[in-house]
Amino acid sequence: MGGIDQFIHFTGFANMTWGHLIMLAVGLFFIFLAIKKNYEPLLLVPIGFGILLGNIPFMENVGLQIGIYEDGSVLNYLYFGVLKGIYPPLIFLGIGAMTDFSALISNPKLMLLGAAAQVGIFLTFLVALALGFTVDQSAAIGIIGGADGPTAIFLSSKLAPELLGAIAIAAYSYMALVPVIQPPIIKLLTSEEERKIKMKPPRAVTKLEKMLFPIVGLLLTTFISPGALPLLGMLFFGNLLKESGVTKRLADTASKPLIDIVTILLGLTVGASTQATTFLTSESILIFVLGAVSFMIATAGGVLFAKFMNLFLKEGDKLNPMIGAAGVSAVPDSARVVHSMGLKEDPSNYLLMHAMAPNVSGVIGSAVAAGILMGFLLKVL
Amino acid sequence: MGGIDQFIHFTGFANMTWGHLIMLAVGLFFIFLAIKKNYEPLLLVPIGFGILLGNIPFMENVGLQIGIYEDGSVLNYLYFGVLKGIYPPLIFLGIGAMTDFSALISNPKLMLLGAAAQVGIFLTFLVALALGFTVDQSAAIGIIGGADGPTAIFLSSKLAPELLGAIAIAAYSYMALVPVIQPPIIKLLTSEEERKIKMKPPRAVTKLEKMLFPIVGLLLTTFISPGALPLLGMLFFGNLLKESGVTKRLADTASKPLIDIVTILLGLTVGASTQATTFLTSESILIFVLGAVSFMIATAGGVLFAKFMNLFLKEGDKLNPMIGAAGVSAVPDSARVVHSMGLKEDPSNYLLMHAMAPNVSGVIGSAVAAGILMGFLLKVL
Amino acid sequence: MGGIDQFIHFTGFANMTWGHLIMLAVGLFFIFLAIKKNYEPLLLVPIGFGILLGNIPFMENVGLQIGIYEDGSVLNYLYFGVLKGIYPPLIFLGIGAMTDFSALISNPKLMLLGAAAQVGIFLTFLVALALGFTVDQSAAIGIIGGADGPTAIFLSSKLAPELLGAIAIAAYSYMALVPVIQPPIIKLLTSEEERKIKMKPPRAVTKLEKMLFPIVGLLLTTFISPGALPLLGMLFFGNLLKESGVTKRLADTASKPLIDIVTILLGLTVGASTQATTFLTSESILIFVLGAVSFMIATAGGVLFAKFMNLFLKEGDKLNPMIGAAGVSAVPDSARVVHSMGLKEDPSNYLLMHAMAPNVSGVIGSAVAAGILMGFLLKVL
Amino acid sequence: MFDQFSFSNIVENDGILITVVGYVIVFAALLFLYVFIANFQKILLFQQRKKLKDKGHRAADVDDLSISGETSAAIAMALYMEFEEAHDLESTVLTIKRVQRPYSPWSSKLYGLREYPKR
Amino acid sequence: MFDQFSFSNIVENDGILITVVGYVIVFAALLFLYVFIANFQKILLFQQRKKLKDKGHRAADVDDLSISGETSAAIAMALYMEFEEAHDLESTVLTIKRVQRPYSPWSSKLYGLREYPKR
Amino acid sequence: MFDQFSFSNIVENDGILITVVGYVIVFAALLFLYVFIANFQKILLFQQRKKLKDKGHRAADVDDLSISGETSAAIAMALYMEFEEAHDLESTVLTIKRVQRPYSPWSSKLYGLREYPKR
C-alpha cells in the first residue's frame, strides 16, 4: 500500500495549512462580493478565482510545476506579464481606447484636483518608510493611494515584486470599496452649503481638441516624468486610436478582445500570487492598513484642494469641493459617489460630468507619480 | 553555374525524402477529411496544413531558421506554447466558458460513468509499458484514451515531449473517428432490450447550482489531484466566467478570440511537429495502434460500468448503458453517437441530454487522471 | 535642493537633442498624413505615435527601463516579436484570411507580372552593395522594393536588424506614396494607345479552385524557395482557413482581432525603434533614397515586362501594360492607381480586377525573393 | 525493442500500483463531486419545496420537480435537428443584440465614459 | 520590525525630498497640461467666434459657447439612470451596425479584396 | 564610406550571381504556379463543359465560360465607387447576421452545449 501512501502524501488534504484555508475563504469572499454585490466583477471574479487557484495546497518544490512560483508551470508563464510589467501598459492601451477625455478638456483647471489627490501616495510613502519598509517597498505601497490597479501593479513589479500580490489585492479591494470609504470623509470636510454648489455646465469639445489631447498630453507629461512613459504612452496611444477617427478598427480591438485577454490573465495570476505560504505575513496586513490610509488621505487631499481653489475663484465659478474626491481616480466609481452625494443634497444638482474631469486626470496624476518614483529609485547609478 | 548548383542544393526537391512525401499525403488527407467529410474541421484544417508546413523539405541545421525544431524560426517560437504546456490550459479556459454543465448537475450519479471510461488510459498505460516504452512515455500514450486533445498535449509536453506530435495527432484522429469506432463496441456489449431503455427526463438546474459547480468542482478535484490544477483550474475558471452572470464580456472573449487564436497556433504547430525526419518511426505507428486500443477499452469500460450500476438501481431508474460510452468524452461526438443509436432502436428515445452528462464528466475524469500521472511521475524527489 | 537638481537631470528637457526634436516632428508628420490625408492610417498612426514614444528623451543606461533598446522595458518586450520575425508571419496569416485570389486564379499568366516587378529588389541590392553596405544589409535594403511591409521587416530582422527601423519606415512610407511615385513612371514607359488597351473580362472561379490554390501555392513556391516558408506558409494557411468554408470562425479571428493586435504592437514598436540616438545616421538617409529607387525600378520592371509579354500575345489577348505596375504589390493601392489612370484615358476601361492579379502575385513574388535571399545569406555553412 | 511483451517493465516501474491507485483516485474524485452535488441538491430542493408549500403551491407535493418528459423530448429533438443540419445551412437570422457597455479594468463600471455627450 | 516609527529611515532615504519634489512635479505636469489646453482653447474659441461672426451668427456675441444647463442636466440624468440600471436589465435592442471593411496591414485599403465578385 | 561606387564589393559578395539566380527563381516559382493552375483549369473546364453538354446546355459550345464584359464593368465600377467613398460615409446598414454556433477544440462540434435547455 506504499502507492496509496505516496499518493495521499501529494493530495491537497495532506499539504493543507490554516493559511490555505484562510486564503480560500478570502477568494470565495471576493467572488461573493463580485457576484452578489456587483463590486467590480470583471476584476474580482478573476482575482477571487485566482486566489483559489493559488491556494490549492500541493507539495511544493518537487517539480510538479503547479504553483505560480514554480518554474515551468502555466501560471508561472502567465505571471511573467505581471512580473515584468507588461500587462499594465496593455490594459492602459485598452483604457485609453475607451476613455473620453472631453470632461477634462472642457474644464482643464479641474486637472489640478487630479494632482492634489496624489498626496495620498506621497504621505503613505513616508509612513511606510517610517514603519521600516525599504524605500522601494514604501514607494510601491504608497502607490495604492493612486487608486489605479494597473499603475500599482506596474510600479510594484519594478520596485518591490515581493509585495506585488498584497499591493495589487489591496488596490483593487479599496477601489471596490470606494463607495464605503469616501462619503464619510467628504462629509467631514465640507459644509452642507458647499455640497450644494452648482457648477456651470461644461463646454462642448471639438474633434480637433480631442485628437490633439493625447498627443499634447504625451509630450508634456513624459517630458516632465519620462518614467511615466510605459503607462501614459500606452494610455494616450489608445486614446489617439479612438479619437483619430481613422483607426476605429484598432481602437475596437484594443478596447475589447485585447484588454479582455489581458484582464483575464492579469486578474487570475495576481490572485494566484497570493499563495498562502508567501502571502500571509504581517507585512501583507500592514500593507492593507496603509492602503486604506492612503485612500483616505487622497480623498481628503482632493477635497481640501478644491476648497483651496475656491478661494481664488469668483462667485459663480466656484467648484463644488466634493468633486475633489474624484481626483483619486478609481474611475468612474468615485465620480459616481460624488454624483450621488450631490443628488442627495439637491436633487437638481448633476455633478457627474464635472466629477469625471478630476477622475480621469487622477489617472494621469498617479501615472506621473509612479514615473517620478521610478526615476528616483530605479536608477542604477 | 556554382550559384544555381548551390541554390538547387537548397530547394525542397533536393532535400525531399519518401518520408516527406508520405507526410505531405497525410496532411492533404487530413485537410480532405476536414473539408469533405466535415470531421472536426476547426482542428483538422490547422493540423493538416501544419503537417504540410512541417514537411516542406529544406536543408536542416544550416541556420535557415525554417523548421519547427530550429532555433529562431517562427514555428519554433509558436511551438513554445505547446512544448511548455501553455496552450492546452488556455483552450480549457475557452472550453469552460462555453460548456454548460447542467446535464451533469441535474443527474450527478452519471459522473461515475465519466470516471469508469478512464480505464482506457490506465490499461493502455500498462500495455505500453509492457511493450517497452518508458514509464513516462507510457503514461503519455495512455492518455490518448482520455479522448481530450488538450489534456493529451498537456501531459505529453510534461512527460514525453519527444512523442508529443504522434500522441496529439493520434488523439485528434481518433476523436474524429468516434462515430466509426464506438458503435460496434457498444452493440457488442449491450442487448437490444438494454439499448431501448428510456431514462427519466433530467431535472431543471438553478442558476445558483450552475454558479457553485465550478467552484466546488475546482476544490474537490484539485484537492484530490493537485496535478490537474492547470487544466481543471482553467476549465472551471472559464465556466465561472460564463455562469457568474457578471463577467459576460470576459466569457465572450475567452470563448471566441482567445480560444480561436490558441487553436490556430496549437493546431498549426502540432501539425508541423510531425516533421518526417523525426516523426516517421515505428514508435509513431505503435502509438497509433495503442491509441485505437485505448479508445476501444475506454468505450467498453463506460458501457460495462453503466450495466454494473444498473444492478443497484431500481426499475424505472435504470440507465441506458449506451450512455456509458459517452464517458470517454470526445465532446460532443460520442454523445451524439449514443443519441443516434438510441433513435435507431426506438425513434422516441432521446438520449442526447443524458449522454451529455458522462460526456462532460469524462473531460474532468481524464484531467484528473492526467494530474495523478503527473503526480506519480513528474516529481523530482 | 539636490533633489530638484537630480530630478531635472532626468527630465526629457535635460536629455533632449536636436535628433529627438527632428524625430518627434517626423512622428507628428506621420500622424498628420494618416489623419488628414488618410494615407494608410492603420499603419501610420501606430508608427507615428511609436516614433513619438521612441523619442521622448530620457537618461539612457541607468536602469530606468523605458527605452525600446533597454532590457526590461515594456517596449523592449513587445519589440521581441519584431526582432525575432514573429509578427510578420502572423500578419500574413491575417492577410491570407482576408485576401481573395480569384483575380489571379482566373488569369494566371498575370502571375508573371508579379515576378517581373521584383527586379526592383535585386537591382537595389546591387546598388546598395556597390555603395558599400554589407551583403546582408544590401539584401534587406533591396527588399524595400518588394513593397510589402511585413516581408521587409521579416527579412531585415533576419539579415540586418540594425537597419530594421529605417527599412520598415521607408517601406511603409513609399507604400503610402505609391499614388505619387507610380503614375509618372507608367506614363513615361507606355504610349497612349497602350494605356487604352481593353482586356477581356476575367472568368468566374470555382470554389474548388479557390480551395486548392493555397495548397498548390504553398507546395510549389516553398519547394522552390523553402526560405519563403514562414511568410508564404502563413499567407496560404490563412487563405485556406478562409476558402475551406468549414473554418469561418478561425478565419474571422485571424483577420480581425489577431491581425489587429499584431498590427498595433508591430506599428508601435517599429515606430519606437527609430530612437534618434541610433536612427539618425547617414545610412538611414541613404536607405530612404535607395527605397525610392527600388520602388521606381520595380514599377518600370512590371510595365516593361507586360509590354514584352504583349509581343507574344495575339490581338485581343494583349495586356494593358499599365497593370504591370501593380506587380510591385502595395496591395491594393497600386492596382487602384492603374485603375484610375485607365479611367482617365478611357472612362469605359475598368482595369481594377485585372490589376489585382499582378498585385497579389507581387506579394507572393517578394516573399519568394525574401526566401531566396535568406537561403543565400543566412546559412551558417 | 517492441518485439515482445515484457512484464518486467511493468513491475519495475510500479505499473500495477500506478494503475490501480490512479483509477481508484479518478473514481474517488468524481464520486466526491457526485456526493457533494447530490446532497447540495437535496438541501436546495428541500428549501424550494418549502417555499412552494408556504405559497400553497400544489407542485410541492409532486414527487420530483423535474421538467416533463414531453418537453424534454421536444428539446432533444430540436437539438438533434440542429446538430444534423448544422453544416448545411448556417441559418441567417436578424439578430437582436445585447448592447454591451465598455468597461475599464481600473474599475469595471466605466460605462459612461466611452460615449460622452458632446452637445 | 514594525514596532515603532523610525524617522531615521525617512531621513536616510531622502524621504522628505522625494515626497516634496515628487508631489510638486505631479502638480507641475498637470499644471503644464492645463495651461496648454486652456490657451489652446482660447485660440480655438477665438477662431470659432470669428468664423461665426463672419457668417453673421448671433451666437458670436454670447459669452460662452458651452452647452446649456438644461441639456447638460438631462444628459447627466440619463447617464446616471443608465449607471444605476446597468446591472439589472442589459437592455436588448435591435442594433444598427456599421459595416466594417476588411483591411490589410501591407496596405490598409485592401477593402475590395475580401468579397470579390464571382459572377 | 558611401563616397563612391565600389564594384569590387559586388564581385566579392557574388552580387551578380545572387541577383541573376534570385530573379530567375522568383520567375520560376511563379511560372510553375501559373502553369499548374492553367492546366488544372483546362481539366476543370473540360469537365464542366462535358457536364453541360451532357445536360444539353448550349453554353457548352461558347468559346469561353467567362463572365460577360458588361457585368464585369458594372462590378468594377461599383467596387471603384466603394473604394472612393470608403473614407467618408462608412455606410450604416441593418445587419443580417449569421448565427454562429460555439465550438470546442476538443471536438469542434460542441454546438448544443452552450445554450442547454433549462426548462
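Chains: A, B, C, D, E and F, in written order; residue numbering restarts at 1 for each.
Criterion: a residue touches a chain if its C-beta (ideal position, glycine included) is under 8 Å from a C-beta of that chain, and two chains touch if they have at least 3 such contacts.
What you see is a predicted model, and the numbers here were worked out from it, not measured in a lab.
Chemist: What's the minimum number of touch steps needed to get from subunit A to subunit B?
Modeler: Between subunit A and subunit B, the shortest chain-hopping route counts 1.
Chemist: Please name the chain that ends up farthest from subunit A once chain centres are defined by their CA atoms averaged.
Modeler: F
Chemist: Using C-alpha centres only, name the chain that sits farthest from subunit E.
Modeler: B
Chemist: I'd like the Å distance between the centres of subunit C and subunit D, where a centre is the mean of that chain's Cα atoms.
Modeler: Those two chain centres are 48 Å apart.
Chemist: Calculate how many whole Å lie between the centre of subunit A and the centre of subunit C, each centre taken as the average of the chain's C-alpha atoms.
Modeler: Subunit A and subunit C have C-alpha centres separated by 40 Å.
Chemist: Out of subunit F, which residues touch more than one other chain, so two or more?
Modeler: 14, 18, 21, 25, 67, 71-72, 75, 79, 83, 87, 94-95, 103, 109, 111-112, 117, 119
Chemist: So which bits of subunit C are touching at least two other chains?
Modeler: Within subunit C, residues 7, 38, 41-42, 204, 224-225, 246, 249, 256-257, 263, 336, 352-353, 372, 376 contact more than one other chain.
Chemist: Quick check: in the complex, which residue numbers of subunit C touch subunit F?
Modeler: It comes out as residues 38, 105-106, 108-109, 111-112, 114-116, 118-119, 121-123, 125-126, 129-132, 134-135, 138-139, 200-204, 206, 208-209, 212-213, 216-217, 220-221, 224-225, 249, 282, 286, 336, 339, 343, 348, 350-353, 361, 364-365, 368-369, 372-373, 376.
Chemist: For the complex, give me every residue of subunit C touching subunit A.
Modeler: Residues of subunit C touching subunit A: 6-7, 10-13, 15-16, 24, 28, 31, 34-35, 38, 41-42, 45-46, 49, 52-53, 56-59, 62-66, 72-75, 77-78, 256-257, 260-261, 263-264, 268.
Chemist: Using the touch definition up top, name the residues of subunit D that touch subunit B in the complex.
Modeler: Per the touch definition, subunit D meets subunit B at residues 1-2, 5-7, 9-10, 13-16, 18-19, 21-23, 25-34, 36-38, 40-41, 44, 64-69, 71-73, 75-77, 79-80, 83, 87, 100, 103.
Chemist: Which bits of subunit B are touching subunit F when the two form their complex?
Modeler: Per the stated touch rule, the residues are 2-4, 7, 40-43, 91, 94-95, 98-100, 102-103, 147-151, 175, 204-205, 255, 259, 262-263, 266-267, 329-333, 336, 352-353, 356, 360, 363.
Chemist: Subunit B touches which residues of subunit C in the complex?
Modeler: Touching subunit B: residues 84-86, 89, 93, 158, 211, 215, 218-219, 222-227, 229-230, 233-234, 236-237, 240-241, 244-247, 249-250, 252-254, 256-258, 372, 374-376, 378-381 of subunit C.
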